Amino acid sequence: MSTGLTTGTEQVLDSAESKRRGFTPATWALLVFGAVFIFAVLRVVTGANDIASSGALAATFGLAVPIALAGLGGLWSERAGVVNIGLEGMMILGTWFAAFFAYHWGPWAGLIGGIIGGLLGGFIHALATVVFGVDHIVSGVALNIIGVGIAKYLASRFFNGLPGGGPTQSPPLKKIPSITVPGLSDGLGTIERKHWFFVSDFAAVLRALVTDVSALTLIAIALFVATWWILWRTAFGLRLRSVGESPSAAESLGVNVYRYKFLAVLASGALAGLGGAFLTLVASNVYRDGQTGGRGYIGLAAMIFGNWRPGGLLAGSALFGYTDAIRLRGGDSVHALLLAIAVALVLVGIWQIVRKQRAIQGGVAIVVGLLVAWWFFAVDQVPGELAGTTPYVATLLVLAFASQRLRMPAADGQIYRKGGH
Amino acid sequence: GCGSSTSTESSSSAAGSGSASASSSESTSAAPAGDSKLMVGIAYDVGGRGDQSFNDAAAAGLDKAAGEFGFKPQEATAVNDENDAAREERLNQLVDAGFTHIIAVGYAYAGSVGKVAKENPDVHFAIIDDDSDDSKGDNVAQLTFAENEGSFLVGAAAALKSKAGHIGFVGGVNVQLINKFEAGYVAGAKAVNPDIKIESTYLTQPPDMSGFGDPAKGETAADGMFQKGADIVYHAAGGSGGGVFAAAKKAKGWAIGVDKDQALIAEPDVRDVILTSMLKKLDVAVYEYLKAAQGGEEKSGKIVYDLKAGGVDYATTGGHIDDIKPKLDEYKAKIVSGEIKVPDEM
Amino acid sequence: MKLDPKRALMTLAAPVLALLIAVVLTSLVLFALGDPVRDVWITMLSAPKPRQITNIVNGAIVLYLSAIAVAVGFRMNLFNIGVDGQYRVAAFAAAIFAGQGWLPGFLNIIVAILIAMLAGGLWASIAAYLKVKRGVSEVISTIMLNAIATGVVAWLLNKVAVKVKGSNATNTQEIPESSQLEGFKLIPGANNRIYTLLILAIIVGFLYWFILGKTRFGFDLRATGRSETAAVASGVKVPRMVMTSMIASGALAGLVGMPLLFGLDHSYGTTFQAGLGFAGIGIALLGRNHPVGIALAALLWSYLDTQSNALQIRAGVAPELVNIIQGIILFAIVIAYELVRRADIRLEQSKVAKELAAQRAVRTPEGAQA
Amino acid sequence: MAGITKRFPGVVANKDIAFKVRRGTVHALCGENGAGKSTLMKILYGVQRPDEGTITIEGNRVDLHSPADAIKVGIGMVFQHFMLADNLTVLENVVLGAEKLHGIGGAARTEIKRISKEYGLRVNPDDLVADLGVGDRQRVEILKVLYRGARILILDEPTAVLVPQEVEELFGNLRELKAEGLTVLFISHKLDEVLSVADDITVIRRGTTVATVDPKTVNARQLAELMVGSELPTPETAESTVTDRIVMRLTDITLAGGEGRNLLTDVDLDIHAGEVVGIAGVEGNGQAELVEVIMGMREPTAGRVFLGDTDISDWGVREIREAGVGYIPEDRHRHGLLLEAPLWENRILGHQTEAPNVKGQLIDAKAAKADTERIVKEYDVRTPSIFVTAGSLSGGNQQKLIVGREMSHNPKVLVASHPTRGVDVGAQSSIWDLIRKARHEGLGVLLISADLEELIGLSDTIKVILRGRLTGEFDPDHVTSQDLGAAMTGADGSHDEHPSDTTGAAR
């Protein structure tokens, strides 16, 4: 039970699409502008000012970065062909170790601690999957169980009795410092508060980027760039990816498959652990039992969403972080988002019918879109319980419409045995 | 063979909290030390001692009693995702170990306390936060609190202090108990200012209890409220409350603490943003229960810790609400007299 | 299949080995951190009292149902991580229905159970649809659907909850007494009872064995799990198979909450046990997707859970230690199985080769080819 | 190489092998399936370690632990099965593992273009390998080896998937390499090829070297007898059994692929009872799709498939199989067997709804087991019992099991895709016999094979498939492999483009 079923779904691969290797900077810029524009329209139409506020965007950062780091961990591991559903466990280990190190030796040591905790998880996963050839999902599930156990056990062993600590939480920790560009932040804030169409929205985006940005967020961004560079621009990365695409080919060319897989899973653990450290040292200042709240799984989803690429992963994490942020911040944002979803669904439906000649699928999309629109007009507010599901629904919806374009590394999830074919 | 090394370990780890939370191997036989005849066992809700909130408040009362009367309590803590049978088993373990007074912290124990108490009529039980028929028994003291009344007062305080006429509430998990806090808070605020704008967010939905332990979400939610113009946010979110305080600090607004006087125990750098706290005197309830037992009186039946009984209150630490204290006390008197009836659900 | 003593021994060796490894590793951890190793094992391994035996069996019943639900997916390479959400939706739906007491006692239970299966199946069908029609990995969609189930059920629960005086729990209407199942008094000396729906678990286990092992449908399902490509070529319609087995898995998941609903809680509410789906994954793996293996694994898991309750009281160690033990057992056992499997293949291949060589030696005079 | 011995559990793949290769020559290795050729070459390339024996290169004894070691001493290998990562570009595939030479960027690209030009390999470094046809992939494999500056090239059955014209081209390349002073080790079953290109030939039988011979002094027959150690079987059709009853008819079958390209276009085909219709074609020209359409795994975009008089175009695989179409799939491991299941369960596979395997909705294990015993006996499947897993049988025996299974249901039509691929000579001839026997009893057979000898020997009619169209029809009694090869590539004038373009390579 290694790779899962593929089912008979036709994988419509526009070969132009599959050959397109990432976006150019210009495309990215266009995308960002387009997104800001859409939100500006939506904000003006619905009057839900928060959906494009710098606060919401800053919160998006806070919620997206740990997901993105976990997803980046998943990216490393899966690019080398090891499915990593154990990200959650690695993250949990990261939170505990980050707290332990930060309590004793300060926040920066805490980062190292998070990495060490994640590495521990990565090591276990690598040992099981790479060395012993255990099914990747099985190992991941076991790792998640064990990660919870280790963190809780260690917490009650080491945090209990410390001032402010207990069996389920660490003492308060010092946070990783954050950075604000003084003049710029205030100036942009002023523009943002004017609620001018587009201009204010753009100011909000910029402001979120220069206000109260944690050092670890910057590190995370650097790690994304580094990941892209290492995996797609260096010999090391080529070997690592080749191991995920065709391990037998890689081995026949003298690449030590086990070593690269092992390293990749270790890196995966380190990144997930760092994501855990973000939760303890940036998003809050304590370790708390259950703090990861399934973010490891979400990271995995974001990575698949992002088609196993750093840019896509970033978009996936941002989508998740954003929807989570606006619903947590409350107010009418989620309600406004309904309209966006409705419009998007109808557009997708039309596109499916007109361009792809898929009447049924398009029809379904349009009907669902109209239902959502009806809901938007029928209620003033989405009930809190349902608003909480926004990020999950959004992810599911987007996957439902995009996942046929996704292509995972060819040997992802396969157990590799040296010399065997 | 390993007894000596472990006993030093456990006593050092217990030092901070002043009780034997991690009992050594000798206590396996559960022979409580000290001069009290009381043998007290406590079963915490998920989180247990050290949660800086609900369970800790109960622990404080327990510690006080233990210190004063000289007994050595035995503690056990619930784990995530367990069912009634597991809670029952925990209580039974304590019964088996010979404890005569068993305190169950949290409404989740309602059914199990009712059952185990019936089977063990010689053992005395106390349950916190439930006085339903489920947990009723001749040997059960049902200790409940009028969180809505306490919340009414801090709601009133918030409305009185709010310059924007816009306040917020962050609930940890959307359960009935926390709704009770919200209901009181909203009623109190509206009593002062019927037009006040009140935002309310719950961090998670049951059975996902992580909302009581996710400061990041608490901060995001409170951030949103402050940025949309609220200037005071009350939280009933356990460990996530730390995030609410951080957000208040950042926004230069106020936060209101819960359960204990958080201006005394929260992290030092955010204590100055805590306007007041809604006090839920679990410690008093636990202590009084044990004190009575020590004196030979076994409490049972419904014991309501409301405003009148001094079971809930608001804190004045920091002196931020000294100016409105007379007004609040006026409300207090009205609630005590029954003139104002505080709703307990939204 | 003929019973080969050597292979039987090897199959047994794996779990025993895994348990030993778990004991040793956990002891090392405890020892390294200065916790009382002896007390922990004395507590974990002490003979359970009759009351605890009942609890172990009851816990195992629920875990068993969950693991069987997971295993149905596993047998054809589908990862239903969504059992948690499925049984939540199902238990809620069944509780609502049963709480109305429209039907007399026993009938009420049966229809409620069917409703639970329907609800669980429907919830799973979303993931099935997304996989078959949209190519969305069921691992991801079921994770998302778990979170969505939480929100939807919480919303509906708050709408229909009945207020019980003095209680802070939020519950659906309690099911009428005539539909509450008292349980069996099977364990002598215990004052608690084994869930009546033990019967349900036994039926499900039997049906699982029968349908998967003995029917055409089961053959198709297993064939798909072993080799999707070969199954397609043999005439199995994989998309339909995915749809069917995912929904079947969801319907079975719907049963997970039933013993709890009718035997313990009598309503669905905020204290209804969650997280059984994830435990089910571990147990299905531990039991190698075999109905008897799963039963043993569920009992082991439940035994560990129950015994760990006393850890804090008797050994002063956090009860979550049991998660470490369970995790290590899981790792150890899959590694052990993997090693045994490899040894097995080697064994069989060399056996085949040897026997053929022997045959060949006999035939050589006829000039047969290699 | 001297005294090389390699044992696998239960098999001695190489036993005391010894032979020498002269520098600057093409040295061929011959031997039947499973003789141990690939194993020997894998040892030479460091993929597998010999249990005994030594390897000496240019007078130095070498110890090869991994391909990396082999590459260091100048050995390069092109495997029997392509070792390419589909989702990487040609450039990435080539530089992988040799990044130190020219990096992974522009310099490497320049170098690849240079080598490609120098040896006439026509390879574009930025193509995605997934888009390339077999011929192109072969050249990428060779380029990979050259890029590493290998002085000794090992080619394991490079010609298996090529048509004669492509083979010629490859041999041209090899001669060029030889001229540059490189040494080539070349493995093939195809004796005429070996004779035409090799300077020396070493024959391996049952894991040992039998002889090293000079191609000028032996003929194909002698060579074959050296390989097999006995007389050769040949696929000869006896008298024609073709009737005029049509058992299967395809009319205007068209199957659309992506981007407006058709995978199949207007295929018309009749199969008569007692007739074997052979399909010749370069791999990737639509054979696989044709089979999938017939078997109901894909629905044709246009056109109809009739079984007898029944239109089965929109039936599912199961209905079609139930209606009497037997299927021997091209890749038995992927499509024909459950490798981890016992033989008797494999006997059920594909006939899950038919007697004796089932009773109603239930599997009748007892009857299925009994019938498996029968198949094992009748079809000479060499296995110790029907309870061992299919994966533990050798390929030939697996194939015999499949053939037996399909024949047991009295099919009207048998779709046989490469029925003897990778099967050794003994098994091969018994499979041929089985097909002939069935044909005699009125079975219609669609035979797809890359082995032109087999096609010519077994078929009553041969059709050539090129780019999804049936472009020619031949009478097997009057056609040569060369003619067929020409038709298969379109070199006979029926088409003028290069065949590998069909598979999507865009230059």
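For reference, chains read A, B, C and D in written order, and residue numbers begin at 1 within each chain.
Just so we're on the same page, contacts are C-beta pairs under 8 Å (C-beta built on N, C-alpha and C of every residue); 3 or more make two chains touch, one makes a residue touch a chain.
Here the structure is a predicted model, which is why all the values come from computation and not from measurement.
Select, from C-D and A-C, the pair of chains that is joined by more C-beta pairs in contact.
A-C
For subunit B and subunit D, let me know how many angstrom lie between their CA-based centres, rounded off.
A distance of 74 Å separates the two centres.
Report the inter-centroid distance (CA atoms only) between subunit C and subunit D in whole Å.
Each chain reduced to its C-alpha mean, subunit C and subunit D end up 44 Å apart.
Averaging only over C-alpha atoms, locate the centres of subunit A and subunit C and give their separation in whole Å.
30
Would you kindly tell me how far, in whole Å, the mean C-alpha position of subunit C lies from that of subunit B?
36
In subunit D, what residues contact two or more other chains?
none
Residues of subunit C touching 2+ other chains?
35, 147, 150-151, 154-155, 158, 232, 237, 317, 320, in rising order.
Of all residues in subunit A, which are in touch with two or more distinct other chains?
Answer for subunit A, listing residues that touch two or more other chains: 157, 167, 385, 388.
Following the definition at the start, I'd like every touching pair of chains, please.
Touching chain pairs, listed by label, come out as A-B, A-C, A-D, B-C, C-D.
Quick check: in the complex, which residue numbers of subunit C touch subunit A?
29, 33, 35, 74, 76-79, 130-141, 143-145, 147-148, 150-152, 154-155, 158, 224-225, 228, 232, 237-239, 242, 278, 281-282, 285, 317-318, 320-328, 330-331, 334-335, 338-339, 342
Hey, which residues of subunit A end up touching subunit C in the complex?
Touching subunit C: residues 1, 3-9, 11, 85, 124, 128, 132-135, 137-139, 141-150, 152-157, 167, 294, 297-298, 300-301, 304, 361, 383, 385-389, 391-393, 395-396, 399-401, 403-404, 406 of subunit A.
Spell out the residues on subunit C that touch subunit D in their complex, using ranges where they run on.
Listed in rising order, the residues are 1-2, 214-220, 222-223, 226-227, 229-230, 232-237, 345-346, 348-357, 359-360, 367-370.
Within their complex, state which residues of subunit B touch subunit C.
Per the touch definition, subunit B meets subunit C at residues 1-3, 5-6, 9-10, 22-25, 27-28, 30, 74-77, 79-86, 88-90, 92-94, 96-97, 107-108, 110-111, 119, 129-134, 142, 144, 174-177, 180, 204-208, 302, 345.
In the complex of these two chains, what residues of subunit A are touching subunit D?
Per the touch definition, subunit A meets subunit D at residues 12-15, 18-19, 233-235, 238-239, 241-242, 245-246, 248-256, 407, 409-410, 419, 421.
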